[in-house]
Amino acid sequence: MLLVNNIRLSRIIINTWYVDIIMIASCMGAYFIREYLIAYHFSIPTIIPTVLGTAIAFFIGFNNNQAYDRWWEARKVWGGLVNDSRSFARSLLSYVPQSDENNVLVQRMVHRHIAFLYALKAKLRGTVDLIYVKYLDEEERTQVEKQANIHNAILHKQSEDLEKLYSCGKIDGFKFMQINELLVKFSDQMGMSERIKNTVFPTTYSYLTKVFIWLFVVTFTLVISQEMGVWSIFMGWMIGFVFVSTQINGMNLVDPFENNVAGIPLNQITRTIEINLLEMMGEEDTPPPILPINDEYVL
Amino acid sequence: MLLVNNIRLSRIIINTWYVDIIMIASCMGAYFIREYLIAYHFSIPTIIPTVLGTAIAFFIGFNNNQAYDRWWEARKVWGGLVNDSRSFARSLLSYVPQSDENNVLVQRMVHRHIAFLYALKAKLRGTVDLIYVKYLDEEERTQVEKQANIHNAILHKQSEDLEKLYSCGKIDGFKFMQINELLVKFSDQMGMSERIKNTVFPTTYSYLTKVFIWLFVVTFTLVISQEMGVWSIFMGWMIGFVFVSTQINGMNLVDPFENNVAGIPLNQITRTIEINLLEMMGEEDTPPPILPINDEYVL
Amino acid sequence: MLLVNNIRLSRIIINTWYVDIIMIASCMGAYFIREYLIAYHFSIPTIIPTVLGTAIAFFIGFNNNQAYDRWWEARKVWGGLVNDSRSFARSLLSYVPQSDENNVLVQRMVHRHIAFLYALKAKLRGTVDLIYVKYLDEEERTQVEKQANIHNAILHKQSEDLEKLYSCGKIDGFKFMQINELLVKFSDQMGMSERIKNTVFPTTYSYLTKVFIWLFVVTFTLVISQEMGVWSIFMGWMIGFVFVSTQINGMNLVDPFENNVAGIPLNQITRTIEINLLEMMGEEDTPPPILPINDEYVL
Amino acid sequence: MLLVNNIRLSRIIINTWYVDIIMIASCMGAYFIREYLIAYHFSIPTIIPTVLGTAIAFFIGFNNNQAYDRWWEARKVWGGLVNDSRSFARSLLSYVPQSDENNVLVQRMVHRHIAFLYALKAKLRGTVDLIYVKYLDEEERTQVEKQANIHNAILHKQSEDLEKLYSCGKIDGFKFMQINELLVKFSDQMGMSERIKNTVFPTTYSYLTKVFIWLFVVTFTLVISQEMGVWSIFMGWMIGFVFVSTQINGMNLVDPFENNVAGIPLNQITRTIEINLLEMMGEEDTPPPILPINDEYVL
Amino acid sequence: MLLVNNIRLSRIIINTWYVDIIMIASCMGAYFIREYLIAYHFSIPTIIPTVLGTAIAFFIGFNNNQAYDRWWEARKVWGGLVNDSRSFARSLLSYVPQSDENNVLVQRMVHRHIAFLYALKAKLRGTVDLIYVKYLDEEERTQVEKQANIHNAILHKQSEDLEKLYSCGKIDGFKFMQINELLVKFSDQMGMSERIKNTVFPTTYSYLTKVFIWLFVVTFTLVISQEMGVWSIFMGWMIGFVFVSTQINGMNLVDPFENNVAGIPLNQITRTIEINLLEMMGEEDTPPPILPINDEYVL
């Protein structure tokens, strides 16, 4: 997630340079074709790029809306994980009677929940996470890693421990229900993250929009070169840049779990939950929060 | 679901060729009518296609928004099925006490749930599914197939087994409630899928939009042919293509359960749940995940 | 609900003929006024219909969005009724212990639920429904028909029977709660249907839009008649038709419970629930599904 | 809520006359300034009002969307009150065992609920309501009126009576929970109504939009007066009227609880609930429904 | 939150003066460049600012929509806190049996809840709040202030007291559940507020929009100066002002918890809850409501 309001121009150029080159080349092509071929035969009506421009603004607007909605939905899902993780720890710590045996079990469940979050994060980011090892004992780790879906296997372990608490009479049915409902919510949030991760945004939309922008830039340059001559190459590129950068900007939000500057700061969120949960258990030695990189973005 | 970002041009042409032919024919007609008839009497004002173009961009935008919402809602419903299926299996496996008799019943219920998903998928896709046979015993299959709505009949069986667990005291009221709530959710998700499948997107919208695009292409060609001559046929088709392909693209999302490349990958999702549930039961012999076809799309 | 993609042109003309006549008359008026009065004094700038056209496209877009949302919300409410009706029958059939006495009560409750749906449908459609009589016994019918709100009275009866099951110990508190929650949902869905039925879509919107379209058509004709002469009457009507038919099309969705081809197929939905519920009770003699009329629409 | 489709023109003129006068004066000013000052120095480019017109259409569209959403949300909240009020009465009447003492308590609670609705309505409308006195006994009225928030105080009374039913064993925990959940919902709906009532729609939006429309009307008149002469005053006002009336129309929906013709018909809704609840209790003497005034609107 | 409809012009100029200066300088630059450089070489086509203007109107519309949604979501979250706070106090006061010991505990919990709200508000506003000290006893304050997240620590204390009530048999499982669900909701609302506070609105959007508006103003001035001469500087600024002020206005809503005039009136809302809760406990000495400042805005 970018934090600064004045983005370095270099960042935007890095994002668009290959498209910029294509656009400038197309504008030059359009200029020369019109100057040396078309000019002798007919003039090109202004209405062509006008209508195209309006239509493309609509389609880019559509793409950006859906992209932003995906991004915000993803952010909400992880916001929900924050809230429910705190409720989960609070319920276990307050509602399971204090005793040496119980405290060990409660601590194990809270630690395992942190492992669950790190495992889920690693899956969504496509990275390998080593922190989750810290919060799972050796034996359990071997078991869950046998399954294709590690975080689901961890959740299964939580249910088994919850059942243990219940069947031994440490908690009653009401408390069992309240805590189980949180496990169901974790299952939901885990599945919602996977859904956003695995569902490709309809690719025809972004593909067609790219084609349409290219058509627009070419016809636009053809038209303005009738009045502006060689300067039309610059102007064609500039107008194209307005559309292209907005489109690329939107498409950056489409995959909110990527490990890049546009993504949701899963590292930071997971660490926040980790600190909150450890503090609630009264542990002294909490890890430091994730800080922004260069004061510019946070992962 | 398409996976690749650079769609093969052939795919788009296959989707639109019949419309392209109609459009080119109309543009040619418009060109000749203007050239040999209208030109001697009056000129056609630019404002006609300008206003039409803006209006049509709105209507296509509207169609695309609603279509995308249907598609995303359908995806959410099946995402919900993934989450709740895991919670269902987790609850049965963790909260029903382990015993030979119980384990058989739990396994039967989880298998039956997989059958439920395959039966629902087959209904939505309008195909015949043979996998669901594997997860239902002979007798039960005969019973449920007597009813018009097979997946609803399977769900009914689940309630009866849940009641059996409850009335025999294997689970208590709290657990009964938690599991029954999942059955209610399956009923909701099943009904929501059927709703999206069976409700026709208001056909007047797509019909009128088609008519309006045709009107636009004709008047547009009439106008630009005043300046561009015979090249207006090409330009008229090109602008028409921008509108038509966007409209067709949106309409492809309107029926998200169709067994085509634009549809939601029900095969893949169902298989994912199947693997997750079998793994949770500790079964070794899980089927392989559904792989993309040609690395291009997944069904 | 219309089913076909290629709507007969006659249907659209029937929907708009009175507006078409007004538009053609206005265009003729505009043509003659400009030709014989204005032409000698001043010319009319193109910007007037251009700005009006853009603005009106926005307002029609707004109307259509809200209208579609009402329609889809209504469809969701009745989809919810389908799902919860099945859950209701499933719960009663599976969770109430089988006995002669109980079975009679359960059957009565499921039948009464079908009566509830038919009574609600009749109220929303403003028609008289005779099927609901079939599913209520004589005495009960007399009682509920005394009240202004028949379907609410039927729901009240359901609560009383549920209380009977509970106070006699046929079901326990957990089951009571699960079934009562479905009754609360029926009350919600009933109220939501009534809300959509009784809340008039802000009439000033549709009124103003009609006035604005008329203004647009007139000024548009005034402008294009400067170039096109008498043909402007045809063109003015055509562009007006684009706006008018879209507006009328949207307004058709505003009252989704009307008994017309644009409405939600309540007959079909109610019958589907009826068949499902009767099949679940094992009744042999189920009524036939509602079929489309002329393969064109379903009510 | 307006009921008629053909609004009397007088109603719209009453709503906009002061703005109309300002607009006509501005148009006249613009005409004379251009005619006698600007005309000798430079011409005014058409692009100025064109761009302004498009931008303003967007901003008005934005305002209208948000305004409609507030209005529809308010309508949903009161629709929810209808549904939950019926469920509340149904639960009390069916689930509290019949006895003289109980019946008195149940009747008092249902009556008090009607008082709650009338008190809430009076607060939202900023009026004094005398009907709620009828449904509260003298002593209780004195108590609740001591508090700043009367309807919240009434709800508190309901909880105390519910506790009485529960602690005396008239209802069990399950029933207590079901009824208490309805009280929580009433608290939500009450707070949601207050939120919509008390949150001012961001005033800068409507202020800026007014300023922009004025700028548009003036530049528009400047431009068209170059071609149309004195008729531009009429045309400038007409186009301005299209924007202004749409904007004012939207802003009328922003405060949906006002006691005017655009507001939500709280009188009618409250009376509907009152009749339903009294009928459910078997009371004979129900008040008449609220009828539309002049067949034109209902409050 | 601004309360007045006619905002003082000074307020808007204060918000935009630095941008206004940049725009006027750019317009002057554009004017002189065209007048003394470009005019001798080529003319600038009108289509450039036309297309840019339409596109920018879209992007500003997008920004404003998302900004408003964030603001309204934030308002809803705090509206939810109002409702649930009342339900929380009502439940404790009505459902915990009256006794000296119990009353002390209930009072402590309600007071602590007020402290929770003030602590949360202070965190969101980035201010130091001294009122929350009043509602926490010394010892507890020292404990919670040790943790990084004070409001979460306070919530943890609530769970411990709730457990105390439950384990001593003062409330039964049903009541425990109802009250615990409110604590879970407080955890959700606290986390939702933090999410909105901490998630930066994608900065590239506002950055690019600023760049695009600047491009638009410059090209617009270049074009109109061909007809209007030096007056184009004024007109360029004016049109730029329309876009810039709308954009800035939207961006003011993006951080709804800031302690400024555009923010949500957290002071007022918290005080309302405080008064309601103290009144419900029968305390006489309630603090005064927060009044608007200058009748212009409320914090």
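When the chains are written out, they are named A, B, C, D and E in that same order, and each has its own residue count from 1.
Operating definition for what follows: contacts are C-beta pairs under 8 Å (C-beta built on N, C-alpha and C of every residue); 3 or more make two chains touch, one makes a residue touch a chain.
Just so we're clear, the structure is a prediction, and the values are computed from it rather than from any experiment.
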Intersection of the contact lists for subunit B and subunit D: C
Mutual neighbours - chains that touch subunit D and subunit E alike: none
Leftover contact groups, counting everything except subunit D: one piece
Centre-of-Cα separation between subunit E and subunit B, whole angstrom: 38
Rounded Å distance, subunit B centre to subunit C centre (Cα mean): 24
Overlap residues in subunit A, where contacts from two or more other chains coincide: 50, 54, 58, 61, 173-174, 177
Ring of chains, enumerated from subunit D in the sense that reaches subunit E first: D, E, A, B, C
Residues of subunit A that touch subunit B when the two form their complex: 41-45, 47-48, 50-52, 54-55, 58-59, 61-62, 66, 147-149, 152-153, 155-156, 159-160, 162-163, 167, 173-174, 176-177, 180-181, 183-184, 187-188, 190-192, 194-195, 199-200, 202-208, 212, 215
Subunit D contact footprint on subunit E (complex, rising order): 1-7, 12, 46, 49-50, 53-54, 57-58, 60-61, 64-65, 68, 71-72, 75-76, 79-80, 82-84, 86-87, 90-91, 93-95, 97, 172-175, 177-178, 220, 223-224, 226-229, 231, 235, 238-239, 242-243, 245-246, 249, 252-253, 262, 275-276, 279-280
